[in-house]
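Shared between the two complexes below is chain A, which pairs with chain B and chain C, respectively.
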Partner chain A sequence: MSATCELQPKDYKSDLKPIWCPGCGDFSVVQGIYRALAAIGRPAHEIAFVSGIGCSSRIPGYTTAYGFNSVHGRSLPIAQGIKMANPDLLVLAAGGDGDGFSIGGGHIAHLIRRNMDITYLVMDNQIYGLTKGQLSPTSQKGRVTCTSKYGSLEEPVNPLLYVLAYGAGFVAQASPTDLVGMAAVIEEAIRYPGFAFVNIQSPCVTYGEEAQQIKGLKAIQESLASLGHDSTDRLAAMDLAQHYGRKMHLGVFYRNPEPPPTYGDLVRERQDLLSKDALPRERILDLFIKK
Partner chain B sequence: MRKDLVFGMAGSGGDGIVSAGDSLLQAAAAEGYHGVMTKSFGSQIRGGESSCRVRISTTPILNPGGNLDVAVALNWEDFLKFGAELPVSGNTVVIYEAATNIKESEIPLVGVTPLQVIAVPIAAMAKETAGTERAKNTVVLGLIAGWFGIGAVAVMKGIRKKLAKKGEELVEANQRAFDAGRAFAMEHPLKASMNVLPSETKGAVKLITDGNDMCAAAAIFAGCQFFGGYPITPSTEIMQFFTEHVWRYGGSVLQAEDEIAGIGAAVGASFAGKKAMTATSGPGLSLKAEMMGLASIAELPLVIVDVQRGGPSTGLPTKTEQSDLFAAAFSAHGDVIRPVLAPTSVADTFRITVEAFNLAEYYQTPVIVLSDQEIASRKETLDPIDTSQFKILHRLRPAGADLQDYKRFKPTENHISPISHPGMLGGTYLASGIEHVESGAPTNSGSVHQRMNEKRTKKFDSLKERKDLFEVTGNPDAPIAMVAWGSVAGVCREALAMAQAEGLNVKLLVPYLLYPVAEGVYNDFFRSVQKGLVVEQTHLAQTYKLLRMHIDLPKGLKSLARSGANPFLPSEIVAALHLLLSELQRSHEGELQPQE
Partner chain C sequence: MAIRGIDFANLSLMDALDLAILIEEEAEERYEEFAAQMDQHRTPVAAGFFRYMAGNESKHGLELSARRAQLFSDEPRTVSRAMIYDIEAPDYDAARAFMSPRKAMEAAMASEVKAHAFFVAALPALKNAEVRALFEELRDEEIEHQELVQAELAKLPPDSGLSDEDFVDEPAPQ
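Let's turn to the complex of A and B:
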C-alpha cells in the first residue's frame, strides 16, 4: 500500500474514448469513480476493476486500473477469484442491471454470504442499451420495448431489497443527479470492510423513458439523510427500499455498524493455522504412502 | 503359481464390497505386490448395486485386467447388473452366497461354464462368528486369503488399524469372521491351486492413491494456489483434496454456486497472477465453455480437469467413457486452439497434471486435462515418484523495458507476450473477451482480429513438436498398429504385450497430447502401417474422426469404438489384431496373383 494524498481524479482516467451516447448517465458515474478513488488514494496498479458485458461494463477500460471486461453476467465470480488470489488488491466490480440481476443474477447472493471485501456498482437504467432497447430485469411491468411490444408481463426485480434481504453489509443508491453525493457514496462503499453494493440510477438517453431521464429522476429523488434515516437500521432500510421504482432515495440505506470478519480475514486465519504442519510441496506425495 | 490374479466382487450397497477391495489392495501392497482397484456403482445414493475389481500382480500393472479369475457374488441380481464390467470366463472361479439358494449347477451366467463354482454360506458364517451379517466382507477376505494366498497376515493387520478406535470387541469379531473364511477355504481346496507367487519387493515403500487425489496433489506440487469448482461426479474428490490441503500452501479454494462461477473465479485468480484450476465432468464442461473461450482470448493460464463419464447430459454419471473428446477440443465458439492432455493411469496423472500447468503457464492458455471415471476413481499401488525430476514453469513476466509503455499483447517471435498482473507497477492493462489491439484496448478491426487470431493459434506450433507427449511401443516398423489414449491405453498396452508374445509384428501409439493434433508425430508413426485400430470408448469414434480431420490415415486403419461402461478386454483386441493380420496376408496374396 502506498502513500495517499497526491493522486487526483484525472490520474485514474485512461486515454480510451467512451463508446457511450452523448448525455449517458455513465459519464457521470465514471467521474464519480475517479473522484472516489482519488479520495481513497490507492495507486491504480493496486486496483482490479472487473465488469461483464453491456454499455456500463465498458467502464473498467476508462480507468487506469487493471481492468477486466469479461463475459456477460460473470463479473462477480471473476472479482472473487481475484480477491482470493490477492486479498491486498482493491477490487471493484461494475455492470448494468441485466448483467447483475438477469444473466448473472445467481451470483450476487453468494458473494453477499461470503462477505468478500468487494465493491459492486450497478448502473441501473431499466433497459438493455447495448443491444438496442430490450426489456431488462428492472423494467417496470407494462413497459413497451422491442421485446415487449404489448407491454411487459413481469414485475421488476428490486435490487436494493434483493441485496438487503441477503444480508449485504453496505447498501446505497446514487445518481448522476447528485455527482458529489455519488462520489461520496462510492468512496464510503469502497472503504467499507466487506461486500458493498451501490445501485446507481444512470439514465439511458437513447432507449430510456422520459421519467427515467435526469429531469424525471430529480422529480422523485429524496436524500436518505434529509429523511433522518438511521443507516444502522436494516429493517428501516428495507422499508424504504420498497419504494424502489417510485421514489429515488439517495445515500446509504444500510451500513452494518459492526462489520463482521471478511472472507479474506477467515482465509488468512485458516492459512496461518494450517501452514504450520505443511509437508513441503515437493513431498506432497508422501500423503499417499501406506505403511 | 501365478503372477497375476483379477478379482471381481459385487453386492448391495451395504455389503462393504468396496471396503473389502480396499483392504485387499492395501494388504497386497503391504506384501509387495502391484495392484489396481476399480469401483463401479449404480447411481443410487445409498444401497443399490456396488462392485469392485482388484488386480494383483508381481509385475507392474497396466490396466484393471480382462476376464475375472475370481468372481464373488454376494447376490446374483446385483452381480449381473455389472454385465461386461465383471466378465466371467471358462477360467474363472465363481464364489457366491449359498443363501441365494441357487444350485452350483444353475448359477445365472449365460453361455459360460466357469472353471469352478463354489457356494459359500457367507452371511451365515458372518452371523455365527461376528454376530452380524455386516462382517460378510471380512469372511470374503478370509476366503481369498485361504484360497489365493493373499493377505493372510496383512489383511487383519489393516483391519485392526482401521477399527482400532472402535474397540477391541469389533476387531475380535472381524478376526473370527476372517478366520472362519480362511478355514472354509482350507477345508474346501480348489480343484487347481491358484496361489500367487510371493512378491520379490516385499517391504518396499508403496503409495496407494486414485487418479483424482493424484491430480490434486500434482496441481499443488506444480504451484496451483487456487481452485474454484462445483461438486460433480466423478471429479468431486479433486475439490475435496484442495479443501483439505491447499491452505497449507498459502492457497485457497472456492466451492462456487455453479460451474460457471467455479471456472470464473479460477479465471480471476489467474488474472491476479496465481496458478489456478477447476475440475468438472461432462455437464460442467458444457457450462464452462464460454469462460474457456474468455481465457483463450484474454490469454490467461488455466487448467481445467474434465473427468469424463458417460454422456450426453446426465448420461451414465458413475461410469467411464471417452466421449468428451470433441467437447474438450472444440467447445467454446470462435477460432481457438486449447491444448488437451490425457493421462492413462493414476501414476502418469501426476506427470500429465504438472505438464498441464506448465503448458498453461508457458502458452498463457487454458489447458484441459481429460481424465476419465476409471482413472479418477481407481486406486493403484505405486512406487514412489521422484518429484525433483519435474521442471515447473512460470508465465513470462514483463521486466524492465517491457514495463515502459507496457503492451500486454505485444507481438513477439514465438507469439507469447509478457503478462503482468494487478499489483505490478507499470503493467496495468485491460483484459477482455472483446477483440483487442496490442495494448488491450477494444477493437472491431478485421485486420487486427486476423492478426490476433494468428498470434493466439500460431503460438501452439511448437507444442506439436513435443514428441515426449507421445509414447510409441512395439516394433517401430510394424505394419499393424493401434492408437489408444486415456484408460483404454492401458488395455492396449497389455494387448500389445500379448500380441507380441504370440508373434505378431505390431506397435502402439499412445498420445498424451490429444489436441492440437500433432500431424508430424502421427505421420511418422503411420509410415509403416498398413492395418490398424483406433481403440476408444466413444460411440461415434470421436478419436478416429479427429485424426481423420487432420491426417491422411492409412486406408487399413479402422475404428474399434464402443459406448462407455463396456470395457475392452485385452484378449478381444488381440483377436482383432489377428484378424487384421490375416486380412493383410490375404491382400498380399492377392497382389501376387498374376494379372489377367
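Let's turn to the complex of A and C:
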C-alpha cells in the first residue's frame, strides 16, 4: 500500500468483528472514522490509534491502523509518547467519557497545554456501559442508575467547555445521527495541526436513556453551521458549549485561525538549536562526570 | 439517510448507475454486518434473514454493475461512497440484541421504504431523461423489494404481541 494510491474506507476496516451491542452508536462512529481516514489518505501503517478501556476503547481493533488498547484513562499519555517517539505518525486517541473525563481527566489539560498534534475522539454516552450502567462523569444530574438509585446528585462534566477552557485549538461535536457530518468533522480534526478534540454523542443502546438514543438526539440536534456560528470565535464557542446536555450542537465549535506551534515543532526547534553543541554518543556520560 | 454533494440536476447516466451500485453495496455490507452482530449475540434466525437480504442486495448490485459495464465499459467512477449514507442500508440503530425474525424483517422493510422515498424525492430534480427513467425503475424496484420482505413476513406465525425484551434478562449490575 502506498500513500499515493486512492484509499477507500474499507481499507481501514479490520477483520475483527465488533462485539458491541447491536444498535450501539459506536458502529456508526467507526464508519465515520473509516471515511475520514480514507479522505485523509494516509496508509494504515502510518497511523497509530490508542485507546483506554471501555466499549468505545475497542475501536482501534476494528481498524487496520496500529492499535493499542491501553489502560483505563491512559490513552493520552501513551498517545503522546508515540507521537514524540515517531512524529511522522498520524496519532489518534479514543475512549469514552469515563475514560476521558473521570479516570483520565487529568491528562487532557496537559495534552492541551502542550498542543501535541493528536486527535482525541471521545464517545460520550453518559454512562459506564461496559461495566453495566454506572454513573459516568457526563451523566445528567438526577440520572437513575444502578449506582444512583435515587438519582445522581452531581452536575455532569461539560466536555466541550472543559477543553475550550483549557485552550484547545480545535473543538467539535458529532453524532451518529449525522454520519456524513461526523466523518467531515473527524477529517477536519485530523487535519488540524495541533491537539483536536471531537466529542461524539454516541448512544448506549443498552443502558442509555430513551432521550439519548438516536431519535432523542435527532430531536435536539442543531448544526452549528445553520446557526451561522463563527468557528474562529472562542467566546461564542464557549457560549454555545454551555447548551451541552440540553441541545446537541453538531460541527466545529472552535478552530484556532492561527494554530500555534505544536509541542513537536518546539522540540525539533530546541533540538536543532542545541544539536551543534551536542556531545557525540560515546561521550554522552561526560555530562554527568564532574570535571 | 443522508447525501453529500450530489448534483441531481446534472447527474449523468453513468454517475446515476454508479450511485445505484454504491447504494446496493452499502446495503449489502450493512446486512452482512447485522448478520455478524446477530451471530455474535447468538440470534441465528435473524442472522440468516439478514444474510438473505445481503444476498438480494448483492444480486441487484451485480445486475446494475453488468449494465454499467455494458454501457460505459471501465470508465472511471466519479462518484463515491462518501456521497451517500443509509439510503437502502438499514440504520445502525435498527439492530437490537436478540432480534426476533419479525423485528429483523420489519427493520428490512423500513429500509426498503426509505430507499423508495429517496428515489421519489430525487426525481423532481433530475433533468436527464435517461437518468429519470433509471430512477423511476429503481423506485419501482423498491416496491418489489418491499413485496419480497412482505412475503417473508407472511410466512411467520402470527405476532405473539411479546417484545424481544420479554425474552431477555434484565441487565444486571456488577
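Keep in mind that, in the parts below, the second predicted complex is superposed on the first by the 281 of 291 C-alpha atoms of A that agree within 3 Å, B and C clash if a C-alpha of one lies under 4 Å from a C-alpha of the other, contacts with A are read in each partner's own complex, and residues count from 1 in each chain.
Criterion: a residue touches a chain if its C-beta (ideal position, glycine included) is under 8 Å from a C-beta of that chain, and two chains touch if they have at least 3 such contacts.
On a predicted model such as this, the values are computed, not experimentally measured, just so you know.
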item	value
First, second, both or neither for A:25, with chain B first and chain C second	second
First, second, both or neither for A:213, with chain B first and chain C second	second
Contacts of A:110 with chain B and chain C, given as first, second, both or neither	first
First, second, both or neither for A:260, with chain B first and chain C second	neither
Of chain B and chain C, the chain that contacts the larger number of chain A residues	B
Contacts of A:134 with chain B and chain C, given as first, second, both or neither	second
Which superposed partner A:203 touches (first chain B, second chain C, both, neither)	second
Contacts of A:275 with chain B and chain C, given as first, second, both or neither	first
A:142 touches, of chain B and chain C: first, second, both or neither?	neither
Contacting residues of chain C [partner chain A, same complex]	2-4, 33-34, 36-38, 40-41, 81-82, 85-86, 91-97, 99, 171-174
Partner chain B, residues of chain A touching it in the complex	16, 43-48, 50, 53, 58, 60-61, 64-71, 74, 76-86, 88-89, 106-107, 109-110, 267, 270-271, 273-275, 277-279, 281-285, 287-290
Partner chain C, residues of chain A touching it in the complex	8-9, 17-19, 21-25, 27-28, 35, 38-39, 131-134, 146-147, 176, 178-180, 183, 203, 205-207, 213-214
Residue ranges of chain B touching chain A (in the complex, touch as defined)	26, 29-30, 205-209, 213-214, 217, 220-221, 223, 225-226, 228, 245, 247-252, 254, 256-258, 260-274, 276, 290-291, 294, 298, 350, 382, 384-385, 387-388, 420-434, 441-442
